Structures are given as C-alpha cells and as structure tokens.
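Chain lettering (A, B, C and D) follows the sequence in which the chains are written, and residue indices restart at 1 in each chain.
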Amino acid sequence: MKKIDKERLLLGIAAPVLAIVVAFLVTALVLAATGKEPFSAFGIMFDYGMKSDSQVYILNKATTYYLAGLAVAVGFRMNLFNIGVDGQYRLAAFFAAAVGGALTLPGALQIPLIILTAVIVGAMWAGIAGVLKVTRGVSEVVSTIMLNAIATAIIGYLLQQGRLGHLDEAGTKISTNPIPESSHFFEFPTTPSPVWGFIVIAVVAGVAYWFTLSRTRFGFDLRTVGQSGSAAEASGVDVKKMVVTSMLISGAVAGLVGMPTLLNDSYEYSGDFPVGIGFTGIAIALLGRNHPVGIALGALLWGFLERGTGKLEFEGYDKEIVGVIQGVIVLCVVIAYEVVRRYGLKRQQSKVGAELAAQAAARNNDQQEVSA
Amino acid sequence: MSATATSTPPPAAPKVSGGKGGRTRLSFPVVLLIIAGVLLALSAVRAITGAEDVTSAGQISAALAMAVPIGLAGLGGLWAERAGVVNIGLEGMMILGTFFGAWAGWQTNPWLGVLAGVVGGMLGGLLHAIATVTFGVDHIISGIAINILALGFTTYFAKLWFNSGEAAAKGGSPKQSPPADDITSVTIPGLSDWLHSIEKHHWFFVSDLAGVIGGLVTNVSLLTIVAIVLFVLTFFVLWKTSFGLRLRSCGENPVAAESLGVNVYTYKYIAVIVSGGMAGLGGAFLSLVTSHIYNEGQTGGRGYIGLAAMIFGNWRPGGLAMGAGLFGFADALQLRNGGESVHALLLLLVVVLAVLAAWKLYRKSFVQGVVSAVIAAAVLVWYLGTDTVPTEFVSATPYIVTLLVLSLSAQRLRMPKADGMRYRKGQGK
Amino acid sequence: GESSTESSGSDKGKMKIGMAYDVGGRGDNSFNDSAARGLDKAKSEFGAETKELTAKTGETPADREQRLESLAEGGYNPVVAVGFAYKDAVDKVAAKYPKVNFGLVDSVATAKNVDSIVFTEEQGSYLAGVAAALKSKDGQVGFIGGVDLPLIKKFAAGFQQGVLDTNPKAKVQIQYLSTGSDLSGFGSPDKGSAAAKGMLDKGADVIFAAAGGSGAGSIEAVAGKKGAWSIGVDSDQALDPSLAKYKDTIMTSVVKNVDGGVYDLVKSVKDGKPLTGTQTYTLAKDGVSLTTTGDHIKDIQTKLDEAKKKIADGTIKVKTTT
Amino acid sequence: MELRGITKRFPGVVANHDIDITVRRGTVHALVGENGAGKSTLMKILYGMQKPDEGTIAVDGEQVSFHNPGDAIARGIGMVHQHFMLADYLTVLENVVLGSEKLYGIGDRARAKIKEISDSYGLGVRSDAMVEDLGVADRQRVEILKVLYRGARTLILDEPTAVLVPQEVDALFDNLRELKAEGLTVIFISHKLGEVLSVADEITVIRRGTTVGTADPKSTTTKQLAELMVGSELPSPETRESTVTDVPMLTVDGLRLSATDPDGVVRSVLDGIGFTIHKGEVLGIAGVEGNGQSELVDAIMGMRQLDAGVLTLDGADISRTPTRKRREDGMGVIPEDRHRHGLLLEAPLWENRILGHVTERPNSKGAFLDLKGARADTERIVREYDVRTPGIDVTAASLSGGNQQKLIVGREMSHDPKLLIAAHPTRGVDVGAQAQIWDQIREARREGLAVLLISADLDELIGLSDTLRVMYRGRLVADADPATITPEELGSAMTGAATGHLEAPDASPASEDAAPDGADSTDTDPRNGGEDR
C-alpha cells in the first residue's frame, strides 16, 4: 500500500501545480489580449520576488496570511465555513491594540496579555456564530457574514475620539493609543529589513494544528465530524459541542491574524488597519487543502504574487492583474483538487478490486492443485 | 392494503399533512393581514414618537430602490438553490453585472447595458455551474472562488477600460466608469400627488398607508418593474410549469429526477446560469438605475445579503420579497438620517420582544422567555435613556435584524432537500 | 541573496520625482488627480522624470512602506506620498533614507526630511457653509459624509459652523454613508442619492457631499429637486464630465489645492532648499478654496470674501470637530 | 424482450458478464441471485440508466439502444427501484408527473388520470399528499403508479417486497397478477424465494454477474433454487441452544420520545417502550421500517434526549449518559446504515477502526492517539474477520459492502461489548459474509453478550432471537416466541392487525384474547428467559 500512498502524494502535488500553470497561462492570455507582453512580466515578477528584501517582505506577509489560512482551515476541517475570520481578527486586533495602548507593563507580561486579549475576543466573536448554529440552527455562513458587518460597526463606534480612539496632530488619522516600545514583538535583524518575530508564533500554531488534528483524540473527533457528521454522532462525538469548540478555536486563531501587523509593524489600530485578510485566508486554506504545509506554501505564494506585482507597476504594467491571477488560481485549484480526488478514489477502488480478484484467483489455483 | 382488522387504535398518530401540499405556505389573505399588522404597528410607532419618516413616501421609495438589487440577488439564489446548487458566488456575479452593465451602458444605451450586465452575471453563473455540476466542487468553495475572481477581473479591466481615451474624457477613472443615460422612471399622474397630500396630514394609519402606496407608485424605474415582474414570473415558472417542476425536482432528489428521464445536469446548468443572470441584473440595477456609473466596491456585500434574504424567505419568492423589503427598509432608514427613526423603532422592538417573552413563558419555555424579557427591558431602558441611536449602530441595523430574525425562525425553515449536495450522473443505486 | 535594490543608483543630473498615490490614483477626478496636476506642472517645468505608483484597497502598512522604499531606492527625490494613510510608512522610510526628501499630503510626519502638506479643509467647508446658508431659502441644509473618518468630520465641522454663523436659525442635517473601515460609503452613489433624497424630503435645499464617488448620487438627487443646490468636493465637480448633466445645480465645490503643495515641494528640492516640517495650506493662502464655475456664487461673493478675511485674520476660528 | 451478451464493468468489478435473458410478453419473470450478483445493474441497463459495455437489447424483436431512462420509458419500460426514488418535499402528483408532464399536464388532468389508475388497480393513492408523510407501502404504490402513469407495458420491480410485511406482499402480488391479466410484462427481483415461486411464471438465476440457468417455478423447490443461486447450500440463522441467563443487562422502562417537525407540531415517535435484555439473550424487534426502530436505537445509544423513561445498562442508570460514555461502558453498535453511521468512507481502514472507540485502547493513550496500536489491531481484525482487502491503508469506500460490514462487526466485537445493538446486521451482505456475521453474534451471545436485534429479514429475526417483540407506530404492541411463530403471523402484528402475545401457530391475525392493551404488555415480559426451548 506504500505505493498507493506515494501516488496519492504525487497526485496531491500535481493538482496545485497544474492549477498554477493554468492560472499563469490564463493570465498570459489576459495580458496578451490587453496588449501587454506577458512573459517579460512573469520574468520581472520572478526576478524581483527572488531578491532578499522581497523574501523578507514575502515572509512577513505570509506570516499573517498563514494564520488566516489556519483559522479558516480549522473550520473547513469539520465542514464549517467560517466566513467571519475577517470580522474576528479585526475586532480582536482592535481590542488587543486598545489593551496594549492602555497599559505599560513590562513587555514579557504585556505581550502575552495583548495576544491573549486578541485570542479571547476572536474566539468569543466566532463563538456567537457557533452557538447560534447549534441552538438556533442559523447557518454559520450567513451569521458570520452578518457578524463581520457588525464588527465593523462596533470598531467604528469605539474608534472615535473620546472613546478608544485618539486623533493625530494633523487631525486626519484616528487610532488607538500606540503600544509602548517595550511591548513590541522581537524581530530577526535581517538586512535590509527585519523579519517579524511573529513568524515563530505562526510556525508554532501550524505545528500545533498539525499535531492536534492528526495525533490527538480531540483532533480525530474533529476530523470525524468533518468527514461525516452522522458517523461522528453515532461514534459518540458530541457534535454540537464540537461545532462550538471548533468555532472557538477558529476564532482564537483568527484573533492571532492581526497580531503580526499590530506587534511587529503598526503598533496601533487605526482606520487603515488591513481589512479583508479573512477572505484571503479562505483562498489560502483552499489552496493549501487545509494542510499545514500546504497552507504555508499558499501563504508564501500569495506573498510572492503581491510582491511581484508591486514591481510590475514600476515597470508599467497594471498591478491589478494580481487579482486576476489569484482568482484564476483559486478556481483552478479547487477544480483540480476535486478532479484529482475523484480520480484517486476511483483508481484505488479498481486497484483494490484487481488485487482482490488476483488473490481470489491464486486461492482457486491453490485449491485446484491441492485437489488435483 | 389488506388486513386492517386492527383492534387497538394507533397509539401515536402519524404526522398530519398540512393541507394542500404546503405547511409554512401562507395564503394571500394572511399575507395581507400580516402586512396590515406591520403597517399598523409602524403607524403607531410614528404617532407616538413623531418619527414621521418611518412611513413616508420617500422612505418607502428609497426602500424599494434598496430592496430591488438585494431581491434580485436573492432571486438568483432561489433559482440555483431550488435546483440544488448553493450559490454564494452571487456577490461576484453581481459585481460582474455592475461592471458589464456600466461598460455597455455608457457606450450604447442603458438597456443594452442591462443586457450586458445580465450576460456578465450569466458568465459567472456558467463558471459556477461548470465547477459545481461538471466537476463536483463543493458549492460554497466554488462560490468563494468566483467572488475572488470576479473582483480581480473587474478591478483589472476597470482600470484598463475606464481610465483611458474616450471613457476617461467622459469622466471615467480607474475605479469608476463614465455615466450612462437614465432608464425611464414612471409616476402615476394624479395619484401620487393626491397620496402625497393625504400623507402630509399625518393621520393615523391613513397617512401611513398613503405614504406607503405613494412610495410604490412615484418615480418607479422601469427596471424596478422588470424586477417585480421577474418575481412573479419566477413563482409562475418554478411552481406552475413542468419546467419548474423538473428544476425543483433536481433540488429535492436529483437521482429520482434522473430515473424519470430528467437531464439533471441540464437543469442545474440552466438554473445556475439564470441565477447568475438575476444577480447580474441586480448588479446592473446598481450601476444603471440607483447610480449611473460603475464604482469599485459598489455591491458592498449585497450578494451575501440577498442570500440571507432568500434563506429568511424560506426559499420562496414571496418570503424573499419580504426579506429583501426588510433589508431595503432598514438600509433606507439608515441612510435617511436614521438615528431618530431607528430610535423610534426600538419601541417596536420592545413590544415585539415583550410579546415573544409572554408567548414563550406561556408555552413554558422559561429560559427563552426570560431572555426575551430581559432583552426587552434593556432595549426599553436604552430607548428611554437616549433620543437617537449612534450612526454606527444604525448602519448595523440590517445585519442585527437578520441575525435576530434568523435565530428566531431558522428552525422553521426548510431548504430543498438535496441543496448543496454533490450530484453525479448515475450515482443512484 | 541579492537585494532588489542593491544595484540601483541614481544618475545625477536629471530630476526624478516619485509619487505614491492613495487608492484611486491618477484619474480619480479627485485629490489624487489634483496631486497629479502638481506633478505634471513640475515635470514640464523642470523636465523631470517621474514614477507614479498607486495603492490598492485593503493594504497593510508594509505595502505602503514597500512602495515608498522602492521609489527612494530607485533614486527618486523627492518622493511624495498622497494621503494620510501613508503617515507611518513615511515616518519609517524617511528615517531610513535621510538623504531623500519626502512629501506627505494630508498628515503630519515626525521625521525631519519630510514636508508635511496639510490643508485646512474646515476653512473651505466653512465658506461652503456660509454659501449654503445664504443660498438656502429656509435655512435647511445637509451634509453627507462618505465615511465617518476624522478627515471627513473636519469638513462637516467647518460646514456646520459656517452655516450656523451665517444663519443661527438654520438646521444642518449630517449623515454618513458608512462607518469605520467599511469604505463603501466612498463608492456608493446609490447610498449618496438615498441620503440626499432623505434630506430633500425633510426640506433641505442645499446639500454638501464630501463622499468621494458617492457624491455623484447626491448631486444627481439634488438636481431632481427644483431650486436645490449641491456643493461638490475635492475637484471642481461642475467640470467633471461625468456630472455634466447636473452642472447647473452645482453651486460650487470645496477644493484642496494639493497640486500647489506638491509643486512647492518639488520646486524647493530643485532649488536645493527642500521644504521640511509642516506646511499648512490655508484658505488665506488659497490652499483650500471655493470654485466659481457657472458663477452661481457671484451674488454672494462679497459675503464670502468677508468671511474669508475673518478667517484669515483669526477673527473666526474654525473648529475641526463637530 | 431479449438481452444478449450484456457485459458491464465498474472499476474493480465486473457487475454483469455476458448475460442472456429472454422475457416473454405477458408474464411475470423473476430474477434471483445473491447480493451483488448484478441484478440491479442489469435492470438499470435495461432501463437506460447505465450503458452496457457490450451486448444488445431487443424489444419486440427490434434492436434498441437506450441513452437515458427517457428512451426506455418511450419504449414502454418502467422501473421501480430498489431504493425509493421519490422527492419527499414534493406532492404525490408532482412525483408522478415529473418527467412525463407532456402526457396529461401537471394540473387537474393529471390529477384525474392518477385517480383513474389508482382506482382501477386499487392502489388508493392520494395525489395531493406530501410524499414525506407517506408510509413505506404507500410510497411503493406511488412508485408503481409512476410507472403505470407512463403507460408502461413492461414493469421492472427491483426488490419491491424487501420492506413490506407479508400481507402487503400479498396485496402487491394481487396487483401484479391484475397487471399481467391486462397483458403487461413484469420483471421482478427478490431474495425471498418462496415469494418468487408463488408469483413468477419464469425464473432466471444470476451468479457473479452471469446467468447460470433458468428454472420453472412449478417444478422447483426453494432449496434447489438457492443452491443454483449460491452454488452451495444456504446458511440458516437458526440458533440451536439457548444461552439466556437471568441477569438483566439492558432494561428499558417507560421510554418516551417525541419529535418536533418544521411546523412546530410535536408528535410522539416512541411511547411507553419497556423491555429487558438479559445476558446471553438476543431480543429481536420486528416491525415495518419507520415505526420507531431507528429512534429506539438512537435513544439507547444516547443520540437523542429522552422525554421520559429510564435506561439501565448492567445495573447503572444511563438515561442521561452521553453516547461516548455509553460506548465506553460496553455498548457496541452495528448501525442500520453503515455508510451514514458506521464508516468514514474516505478515511483509511485503520482510522475507521478507531471510529467510535477513540477513547479506548488500543486506539489511544490519554489524550493522544496510538497510531501504532490502532494499526496493529486493524491488521488483526482484517485477519480474524476475513475482511477482504489488500491492506489497511485503503479507504473504506473501496471495500465491498460485505467487507465493510465485517470490518464494523470486527471493530465492535473487539471492545468486548456487554450489549450489542445490531440493526439489520446482514442487510446487503452476501451469503458467505452473512453466515460469518451470524456466527459471530451467536459466539458472543454464548459468552454472555446481550443483543438487541432489529431486522427486516423475518427469517433472520426468528432464527437468531430468543425473544421477539413487534413494534408498531412507536409502541411495542406484541410479543412472540420465535420457536413457534411464523413470518406470516409476525407480519400481521407488524401491520397492527394483531397485538398482545402471539400464540398458536395457526392463530388468525387477530388473537386479541391474549392481548391486554398494548401499553401493558410492554411493561412486563411474560416469558422472560426462554430456557424452555
């Protein structure tokens, strides 16, 4: 059976590679159709993406995206569509920034406190959707979309002068009080710019995700629910509790999404804190097939694309092409995965059938020889 | 069959069938009664609080304009889901609708724009159908992918097509198209003015009724009328024709449909493409009627809201219309200096919650009853202690209302039985 | 590995100007365009080479830093960042490239080598308020803000004060279209139109919309009511080809002359005396002004000039928050 | 109608191999064969739902090729499938006219036509009822009506009797004879050989995908037929000696369960259920599907909250215990629907071995999984229970149904259950596996296992059980002694026609004299034990 496993691995890799190739072809077509030379564009992106400062940029971007992908993947693994990672991380980052800006404890105390605030706020916000689902039967897809909008309103209300916001000198930017220097997260002193220390937390989260899902009872239960809710229930998993729990976990991880930016970059939550990363997370989880390593590759790819297309603009292309590339990749990837999944299953079934038939034939032969 | 000489009466009666086919289906008079009840409540609120805008013609007219795109997106969702395909890609299809609508609209005439918007949405629908029906991709995943793709695509081409040459000269920009011409609006002459004069008296109920009707007959875009016709047509086609029966059967039990010679793939394709077309029309409505230009981010999540409205409406056109109306109403309220109006409606919420609490307590659901009562009291305190609602909360009103309504009613909803499930030809046993 | 910027150097002699626009960029018929006009003027005057980059929706601070850095590394000097969102990025990058001169529009940076170009929007709005109060028949006017950001609130504050100073009995309705990080209020003409209609229904007859793309909806709605005026923002909206149909109802527009600020900076760099610190472009210095296309405010020009003078000499202090 | 040289391959299996069948007009032609022999596949080919890889079909001497069911329908062929093909949320009318709307429209004309057919064959179908509200027998009649409505001259019935009680079967056969009299052709599949002999004019036997012969019902016995089918003698579920003790293992007392439907109408699905299963006892529950058996299993497993009643397992009250704890305490389950409740189809076998016992050894240590232990134990199960698989890393979906079932049985037995709930343990399982599963149940019973057996196969039920109860509309309405009862008597109780203790072998369906009222008879078991057998 080792052989089948190797094949599955191969098929698993084939899918995204195929999708990315197709995506680049489609993009090339779009570029060519709009009168731009496609291949030098890819050349520029690639060259630029390989530069050391680009690598730093990509790693830093990927840190955030990775966490977003993980948050979404936790839900996906049990067939929950947490579309609300977006609202969860924003609300979490906002409250974490407010706490961080209000206190001046030693960093060793305050940093964990900030992160904890974020994790708890994210979990609570996602938990609402979980509770509504199990007690009131509200689809999490709809409720998390609503909660995203409500989170925006809450932040909008609190991020005002006189509440938790403070206005800058020019009177144009409103933000929470900046987090004191002592509570900035450490950085790796790479040149020309540093790699954010939060990447360590992201790696730890990825390992924890992998270990929990594949090596613990809890993870097994979670995956069971994802594969078949009815079988899980019959096997003794409390599915309702599991839904709430995994929503809480998903939200908790979502709480981390804003932390690299907050603790390594902006040190405050202002009106222009990045939005929409929750949706990027969905794309990345799909791309990485909910696998911790796959998600990492997806996050890096996304970072690379954004870095590379930033350079494209410098060279006279429209960097909006990145949206086209990303969209096509996601669509191709989901289709490719499905095709490969089905192909693999069918292949395995016929292999099993063939092997069994061979066994049976061998047995018959033996018997005949014996009786002869 | 035979052998029915039973000696014991059946201990547990089987489920009684709810009359003619439907259980949650409301008859026409009941719907009218509900509408009258809501109007009565609104006029009471208006009379008590003096928030005149709650039932004014302007408010209703704005609500209608806000409701149409949501309703069309929801109608798109309805078509797809009745055929068993969940369509969360409505948002993306709507974006395509706004984009192509404006693109063709400014160059030719708005009706061609509408057509282009519909076609744009249909292309999105086609993609969704290919992914979900032919390749069997999970519906939600495919929908999300389409939303990402549509956004990327339109952003790129908007910059390319609207920010150069003639388009730029006519006011296009990287994020915005040049304006298209108007689509004609109609007003029923005489009636509108008469209703308006009644409305101005602020008579209890009568003026409110005049306001509501006035809002519905004044300055109505032809495309709004098209949308309304589409609602009726959808009901007729899906529930009164054999085509509709086949389509719905694909959402209820595709294997059974297949066994009777229905080509399930074809119907699913048709449904999802129509679904995209409806969403595209909703988009075109945004970029050609409520404004005359395409703007990046113009849909503002209305595709998702349409989906919510459809669920709210229990997968039926009538219910969906109510859901879309509610959203439109809340949205319009909010934009028309909603602080005061929403504040007034808090009073209504108190009454609703109090009644609910009483009902739950009567039915011995103590926890729910007490929770409702506590919330009612809290809202009442809020109402009495303030005289307006902060803008931020007003803007969240539609979302909070949806959550509230869904939490109260989700368990009574019934979606098509095979909705969202993968279906393969020949999977039946 | 090799850094993308290691090899690049600037060739002396020819001036290279780098521009980093906010979302929308050149062609937005708004303040990015205004900045672009300043750039164009400087370019033709000094024969400079230019590079223009644009932000996209949903960026992180890191993206903005990257943009500025690539310009600075590319040998562009000065580098102008348009929009307050660039504040932190400018601070960081300017510290890293002390030899490069930066410009920051709409915010105040802390780094030394930055020219902070700010405008007194509230003063321009004040004038608009005066005009609105004078033109309104019964003192009912409206203000529509795209998103309730501080910058937009400045507009609201100045407008309200201008109206009430002119006609204490007037009533100002204020409405924002969206909140916080939901920037849809800048791109939803339908919302602008609904809000404007709501105000018109309540009797308003002058409406000032500082709402980006949504303003078009408001202007259109106002054009539908006889005798009502709209006031535009950011660019002379009466000249905006997409609003040509309604230009007769656009009384005036409150514009920020970003081009002037940009040009001043470039010139100062060219002259070897780069501007640093905060340059406030006030009403008095024509940093903000009312447009006069169509001559709709000719009849009240004297009163406007009076108010302008009072602001200039400090008799009137315009608030920046409502 | 002639089928010649039909071959159909699926990935890994040849479902049909060079099949020849001739069906004469105006006859009832029976098709018999083991599970998985390829009967349904053949019929689906005839009905245009699947395309043969090789072979030809001729109808009335004319060669035809069907691309979809529509083509077959046009040729006057109609099929009632093994599993119902009805849309629950549509009305009977909508289900019937679907696909053939051109015939009589979808309105009143169709309604009238349905009434006409229903009346003329005595089907008693109401066209405006929701299918969701119908019972099994009614659904079956809707299916037949669907076929007749299309004017079919040839009816294919794939295991129409599997879910019917004997009385309903008789009624169905009356219908069939009536159809035959009108000149219609019926092709009929069944595993119940007695039935086949009573109704068929001709019989074709299929084994491992090929036709192995035909039989004349007048001159063949069930035994001969069975041997033709299997190639050897049929196994019997007969239990020889009794192992029943007087130590109660599971006691159910006054169990009540209700469900709320989407309208908020509360209806009772289980009412006043009470029984005791002792160590070493098999308690069989007979009943037409949908009378509360699934709910009973759910309730005992703890998947549904009880409205009232007490469950006692081995002396401990488990009424409020969560499912997982119950399983840890020794409750094993062979679920009714293995694909929905027993397996993770896309997970490898060893993960399926963990399913349901993740908290127990050898699957886990503390909070962590013990992958090594689980894998080793899976290998053991595969060996000991003869699960035919090339390895434990293949997905469950790639095993045949019988092998999947053996894996489930092996898994449940590996944790030394005190109580085994076996719902249709041999449904859809071929004869070899069937015998094996029965053996395992008997074996464990000897060692003191208590078994709650639910089955639609009355022979299995009567053969394996020590005590029999009949469930009807959520209540236990009758009990019987498996030593003396016949399937017919059991059947009449299953339709509610008889209650109380079913006694004399020749008792008429109504043996009320022995019947107190239904509720009473459920509280105490008059004949606990059964040592007298």
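We adopt the following convention: a residue touches a chain if its C-beta (ideal position, glycine included) is under 8 Å from a C-beta of that chain, and two chains touch if they have at least 3 such contacts.
Here is each chain with its UniProt name: A, B = ABC transporter permease; D = Sugar ABC transporter ATP-binding protein.
Bear in mind that the values here come from a model prediction, so they are computed numbers and not experimental data.
Trainee: Looking at B-C and B-D, which one has the bigger number of contacting C-beta pairs?
Mentor: B-D
Trainee: From the mean C-alpha coordinate of subunit B to that of subunit C, what's the distance rounded to whole Å?
Mentor: Roughly 37 Å, centre to centre.
Trainee: Averaged over CA atoms, how far is the centre of subunit C from the centre of subunit D? Could you give it in whole Å?
Mentor: 75
Trainee: Distance from the CA centroid of subunit B to that of subunit D, rounded to the nearest Å?
Mentor: Between these chains, centre-to-centre, one finds 44 Å.
Trainee: I'd like to verify one number: the distance from the centre of subunit A to the centre of subunit B, where each centre is the average of its C-alpha atoms, in whole angstrom.
Mentor: Each chain's C-alpha centroid was found; their separation is 31 Å.
Trainee: Specify, in ascending order, the residues of subunit A that touch 2 or more different other chains.
Mentor: Within subunit A, the residues that touch at least two other chains are 149, 152-153, 156-157, 320.
Trainee: Enumerate the residues of subunit C that touch no fewer than two other chains.
Mentor: Residues 54, 56-57, 148, 179-180, 182 of subunit C each touch two or more of the other chains.
Trainee: Give me the residue numbers in subunit D that touch at least two other chains, ranges are fine.
Mentor: Within subunit D, no residue touches at least two other chains.
Trainee: Which two-chain combinations qualify as touching?
Mentor: Going through each pair of chains, those in contact are A-B, A-C, A-D, B-C, B-D.
Trainee: Give the list of subunit B residues in touch with subunit A in this complex.
Mentor: 88, 127, 131, 135-138, 140-142, 144-153, 155-160, 301, 304, 307-308, 311, 390, 392-393, 395-396, 399-400, 402-403, 406-408, 410-411, 413
Trainee: Which part of subunit D faces subunit A closely enough to touch in the complex?
Mentor: Those residues of subunit D that touch subunit A are 11-13, 301, 303, 322-327, 333, 335, 340-347, 351, 354-359, 364, 367-369, 371, 388-395, 397-399.
Trainee: Which subunit D residues qualify as touching subunit B in the complex?
Mentor: Within the complex, subunit D touches subunit B at residues 40, 47, 49-50, 68-71, 73, 79, 81-91, 94-95, 97-102, 105-106, 128-130, 133, 135, 137, 146, 167-168, 170-172, 261-265, 267-269, 271-272, 292, 472-475, 477, 492, 495-499, 509-510, 512, 515, 517-519.
Trainee: Along subunit A, where are the residues that touch subunit C in the complex?
Mentor: Spelled out, the residues of subunit A in touch with subunit C are 48, 50-55, 57, 60-61, 64, 90, 149, 152-153, 155-157, 159, 161, 167-174, 191-192, 261, 265-266, 271-277, 306-307, 310-311, 313-314, 319-320.
Trainee: Help me check something: in the complex, which residues belonging to subunit A touch subunit B?
Mentor: The contact residues of subunit A facing subunit B are 30, 34, 81, 83, 132, 136-139, 141-143, 145-147, 149-150, 152-154, 156-157, 279, 282-283, 286, 318, 320-328, 330-331, 334-335, 338-339, 342.
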